[in-house]
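Look at the two complexes coming up: subunit A is in both, with subunit B in one and subunit C in the other.
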Partner chain A sequence: MVEIVPLNKKWNYLRKILERSGPFQQETFEPSGEILEFLNNTCKILVIGAGGLGCELLKNFAMMGFKNIDVIDMDIIELSNLNRQFLFRRKDIGKSKAETAAEFINKRIAGCKVTPHFCKIQDYDESFYRQFHVIVSGLDSIVARRWINGMLISLVKYDDDGNPDVSTIVPMIDGGTEGFKGNARVILPTLSPCIDCTLDLYPPQVSYPLCTIANTPRLPEHCIEYVKVILWDKENPFNCALDGDDPEHLSFVFEKAQERANKFNITGLTYRLVQGVLKNIIPAVSSTNAVIAAICASEVFKIATSCYEYLNNYMVFNDIDGIYTYKYEAEKNPECLACSSKVRTIAIKNPSSMTLQDLIDYLCNNPEYQLKNPGLTTTLNGKNKTLYMSTVKSIEEQTRCNLTQSLHELNLSDGQELVIADVTNPNSIIVKLKFTDNEVEMY
Partner chain B sequence: MSSPESDKSRKYDRQIRLWGDHGQSLLENSQICLINANALGTEILKGLVLPGIGSFTIIDHNLVTEEDIGSNFFLESSSLGQNRAKCCTQYLQELNPDVNGESIDENVDNIIANNSDFFKNFSVVVACSLTEKSLIKLSNLLWDFNIPLIACKSLGFFGIARVQMKEYCVVETHPDNKHHDLRLEEPFEAMLEYCEKIEYGSKVPWLVILFKHIQEYKKTHDGNLPETYKEKIELKDMIRSSMTADEENFEEAIRSVNSSFGGGKPNSTIQHILNDESCTKLSKCSSSFWIMAHALKDFINKEGTGYLPLPGNIPDMTAETALYINLQNVYRAKALQDADVIFRRVQELLEELNKSCDSITEKEVRLFCREAAYLSVTRGSKIADEYEKGSNSALVSSELENIESLMGHYVALRSQDRFVTEHGCMPGEIQVDIDVARIKSQASRLLNDWGINAQLNDDLFHEICRYGGAEIHTISAYLGGCIAHEVIKLVTRQYKPFDNTIIYDGITSQCVTYKF
Partner chain C sequence: MIKLFSLKQQKKDGESGGQQKSTRSAAQLRITKDINELNLPRTCTTTFPDPNDLLNFKMIICPDEGYYRSGRFIFNFKVGPNYPHEPPKVKCETKVYHPNIDLEGNVCLNILREDWKPVLTINSIVYGLQYLFLEPNAEDPLNKEAADVLQNNRRLFEHNVSKAMRGAYIGNVYFDRCLNTN
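Here is the complex of A and B:
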């Protein structure tokens, strides 16, 4: 069933671009009325995240002629979202972001069909993600970005010669903002650099050494971390885990952190700082989200219509001092954990003193891996063996004793392949241990 | 127990972390005027209503068209044929009940001609797609009223925005790479005393370690500081050799060698500000900024012996708590002392100028002193001069020779204005080919007016005619975000605005700034 392009003038502006040729168009572009029809009726877009970027993206797509839009977000609306997430009102606090945003757009833009998914991206498998022509992400989590990145890479099929089948590639446009800075990038899974290729762009979170927190605090942040890391478990004031959204918890932390700050003559502790540290709050403002989402949506429009060349492949934006933009071509990492088929080798100097815990710490802290809670399995004497896995309680209990054993004690040998499962990727990755007596890389 | 913050402070939390409660309060007291509620106009207002300006007023006598509904998010199908200002005001107002919205269904030319004082009500005026004639009148008017004006246009995948303001002084510029001013070269007395009292050890802040080694270094180098790369390596080696074990604070001292010198001297930008006539010749009309700048200059020349007031903040350093806190207090005390000297000078100046002595508070002076190394003054020019006098032909001419430049876009967009004035429609609205020739002749006349002899590329004119006046939503959304943020800068008096024209090419995702 094909809906006939309405004869009204609503899309007249877009039609100037889509039905006329121009000197800057992409070489293969052929202006025709069918392109708008494709946007209106066929093209399916997925927006991941219905937050600051997500609200802007949904509006932008609806205004650019896209009608079949899905949006996925597991979060609910909070008061502090309202300064930028403009599809939400005070009465919506506590409701699903995805559902509220979809309802708003569908009501405002006649003919637009936004389908909400109030769940985690991990709740869906390949068959869900395969149905989209383009996927756009406006996420604040690196783990989620890496997961969807891995998912889109696993959608790519290869022909007999090992070349990717272009029809199985779902382009991903990724946007991110922090305060007055933002970035946008276009990823063609397996063809262009992916999120994991450029992991160094996402520096690990600031953390304070435990001895500073426990013994020599100097900053108000140290006092807050003290209550969070040490005092909370000791005093257990509400018989539950610390929840940064619970005002009673916040007040407790504020009070105790203030006590500690007073004791050490540390100044500058505020309630806002306590919240910021506990919830790892990133400052956010409407204008930056608008700019980055507009760039992302323009690129999706270019890809979906072929009207202009799309961004190749990364750009940054900053409007602290005037307006600054810069674009460049990031490069593929030939050893990328996610998009290369190459098996990574980890050089290990002393397998009889390096424990499994050391190896896991390495995988979590090394900037090239940045894993979160890796589960490790391998093959020993032809049998599968789980070395450690924290995600399933019973297996964690069974395998915990391995953590303190050395790699030798675990009977791992030179050239041993480990299969690693982690939240940063829907697929497992394989690494090879290389035992070396030389001073090569580590330990 | 509930949260001690107000409801507003929670709602605006994510942005107050950027511009502070004082910035938020200025924003909440601002009145913004928008002329023409096209997609660009409403996207700008969206970026201002959400963070909570005081009020907005839309002037627009146009009726909503189908094209408007297809490009402007703040309209619905049912808005067709109604007044555009009224419809957009309603939907924008819904975004934030803290903000007052008003609409005026009147041709802006009438207001400029018959009721020009009306514009005195506003903190900033934003004009979208205004005709050249109206823009020139508005520019003259607002220049005389000393009210900032932003004129902007979104056309196809291109956009342009121009800020007009007389003078813009910023204390809090929020530079990305703030340098700690530690005075290692020119230690003040309390710092000397503090450092001399302390013995080396694993618990001492690196600043002390570095300071002591600098003194050692000076002894063996005729009293000179390490300047070259090689000399800094030498200092690092000296520090390394006094380490007795793996000591984090010594490592930090070594790492800090490269970044810890050079603070405290006014750089050329600051000197320029201090030598400005507004600073040297105060009058009763002088703003707080210039009175404080004058006092700052006097301090540098006298008590400061060539140095700025000490900002007083030091970076975190691995150290025992008390040693660090005491060091921090030494710096803070000196900063307060410097700020106090300047505050007293400010009060003298206020008295000399016959101004109320509480018109500048101690808090303001402290902030000014803390930010003294990063002050910024921007002086603008009038749009009317740019349009009527073509006062920047040298810039246009040289940029047109550069292929990478977006100056060609500027000429093409200006020619489009002229085309609209002359033909009463958009180039390419009906027919592309004929209009390409017409707009090119407009461009040739413009260049001729400016005395520029340059070959223009046909492509840009063809592309502009292809657009036929189309406004593309994502391009307006991009510009809308940028311009909203510039208004926030102007109103909060924080961050540096662009000076004074940005041109955006959404085809190549480039955004370039030119000063006219």
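Here is the complex of A and C:
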């Protein structure tokens, strides 16, 4: 029987890459029609942020054959976004960025299904993030980057030898821009350097000495910080925390900062500066966003299709004077608190008779560990639990009763991870309990 | 290196394997280490209202020398999710007549703000706070009146400090009694 397949011209340009081999392809690449099929029907990607980079990314993915796209953003659309966040119109001001962007793409690109999530990334747990093949982020905050970074690292499972199981790794492509500068990087959690490994690449947050703010201000920024750090709590004008998005709050800060600036003969205070200092605003340039988003989208494409070597692993772009770009291989920080804690496994034969004290004795006496004074914590039902800590009197008194309890009685289960701090190690170590025999033994 | 495309297909097959929650954050790993290694001077004690929450605790300092000898001062420590890349928030809960601590409990200690570095620990802050009581610094004042007195009349400053710690008005500000009764 002859099967007639309607030629879908729409993806012809992708077919040229995915269905034939070429001199620059990744060595192991096997061209086939299945890959486009995978992009269209199976591959699920998450775009974090629907702002400057997010709009560009969503457009790029929708035009590149990705059809299952989720987008998450907690922000609403503001007037000042419209010059570069081109999925939004004036009438959309005040609406959710994620929802509006998704609606726009779904309407414009037939067959593309963008699912919006109008919330914080922190509102979802592992089961949400685990479902994606690749995650791409266009965030404006280091805190959010580190959170998602930590989340993706926690998705990685290890075998008994402590090696990561690569099928649990969700790659993350991170893009960032600031004015005419931008960067893109590929992160394979636990395999390649993560956000925390290279944390010192981010400029430190500007912070001024408290006494300068309180008594000897010299800059308009000092006056704004004074209202923010000292006066706000003292006067509490709106009975709530300072919100840099609230125009009433901004006016209050501006007015009080101006009073202070006048008192100390400081010039240069403007409403915009107040906004800038309170919200840490950095100017956005749409062409930079377009370049970085395009690079991120290509990296997602390369990883999803394996057609070409992906970026290894950090790319920098700068077009202040001419255009300058390079890539380099950032290195993993062996001491990274987020990704380098190698998980070691301890086999436990009898969790119902082994007490916490027995476990601590084991950690102190076993030649592999030889700990001196370990403090142990873990996570139970998403909450931190201190199992035992001898060095701090108040904690010791409250956790001493745990020592005589069995691991079962402490609700520790097979696969439980314990965080152990000890003077013998510069960092906390992570130990995974493996219960080798769960059957009740008869005596 | 790894071939993600083929791996993804495997992933689809055996998706919902055994799931183990592990929410070890960098802050948690680091604070566990810091707290386990707290090496407090005789003059300091800590209390943890909830021993499972190592991120919120109080530090009680009872100086045994200097102007503030026999006082008892309580500091509240709040360690954020960005620790150790951001310093903990430290506030003095005891109203104290001190040039570098204001009446709201804000503390002017360089390592709590502009000179904080991730290599510093909770212990470093404790030593910093202790030093603040031994050597109040009139150069960088938060409480300007106290600083002026310290600079111009040490005897009066000493007198004011011990008066405030016994519970009294200094100028028009009332200071609660905060003597160490132990």
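Please note the rule applied: the second predicted complex is superposed on the first by the 327 of 443 C-alpha atoms of A that agree within 3 Å, B and C clash if a C-alpha of one lies under 4 Å from a C-alpha of the other, contacts with A are read in each partner's own complex, and residues count from 1 in each chain.
Everything below uses one rule, namely that a residue touches a chain if its C-beta (ideal position, glycine included) is under 8 Å from a C-beta of that chain, and two chains touch if they have at least 3 such contacts.
All values reported here derive from a predicted model rather than from experimental measurement.
*Asks:* Looking at the overlay, does A:Ile430 come into contact with subunit B only (first), subunit C only (second), both, or neither?
*Replies:* second
*Asks:* Between subunit B (first) and subunit C (second), which does A:Gln405 come into contact with in this model arrangement: first, second, both, or neither?
*Replies:* neither
*Asks:* Applying the touch criterion given at the start, work out whether A:Asn366 contacts subunit B, subunit C, both or neither, answering first, second, both or neither.
*Replies:* Neither subunit B nor subunit C is touched by A:Asn366.
*Asks:* Output check: A:Pro217 vs subunit B and subunit C. Expected answer is one of first, second, both, neither. What do you get?
*Replies:* first
*Asks:* Just which bits of subunit A does subunit B share with subunit C as contact spots?
*Replies:* 212
*Asks:* What part of subunit C is in contact with subunit A in the complex they form?
*Replies:* Those residues of subunit C that touch subunit A are 2-8, 10-12, 14, 17-26, 28-30, 32-33, 35-39, 45-48, 51-54, 81-82, 85-86, 100, 102, 104, 106-108, 110, 112-114, 140-142, 144.
*Asks:* Inside the complex, what are the residues of subunit B that reach subunit A?
*Replies:* 1-5, 7, 10-18, 39, 43, 46-47, 50-52, 65-67, 69-71, 73, 76-77, 94-97, 156-157, 173-176, 203, 316-322, 324-325, 328, 428, 432, 458-459, 462-463, 466-468, 470-475, 477-478, 480-482, 484-486, 488, 495-499, 502, 506-507, 509-511, 513
*Asks:* Would you pull the subunit A residues touching subunit B in the complex into a rising list?
*Replies:* Contacts found on subunit A: 8-14, 16-17, 20-24, 56, 59-60, 62-64, 79-80, 82-84, 86, 89-90, 108-110, 179-180, 212, 216-219, 247-248, 250-251, 264-266, 271-272, 275-276, 281-291, 293-295, 297-298, 301, 308-309, 311, 315, 318-323, 325, 327.
*Asks:* Which of the residues in subunit A come into contact with subunit C in the complex?
*Replies:* Of all residues in subunit A, those touching subunit C are 28, 35, 38, 42-43, 126-127, 133, 143, 146-147, 150, 154, 157, 166-167, 169, 171, 188, 191, 196, 199, 205, 207-212, 214-215, 229-230, 233-234, 303-306, 337-338, 341, 373-375, 377, 379, 381-386, 389, 391-395, 398-399, 415-417, 419-423, 427-428, 430.
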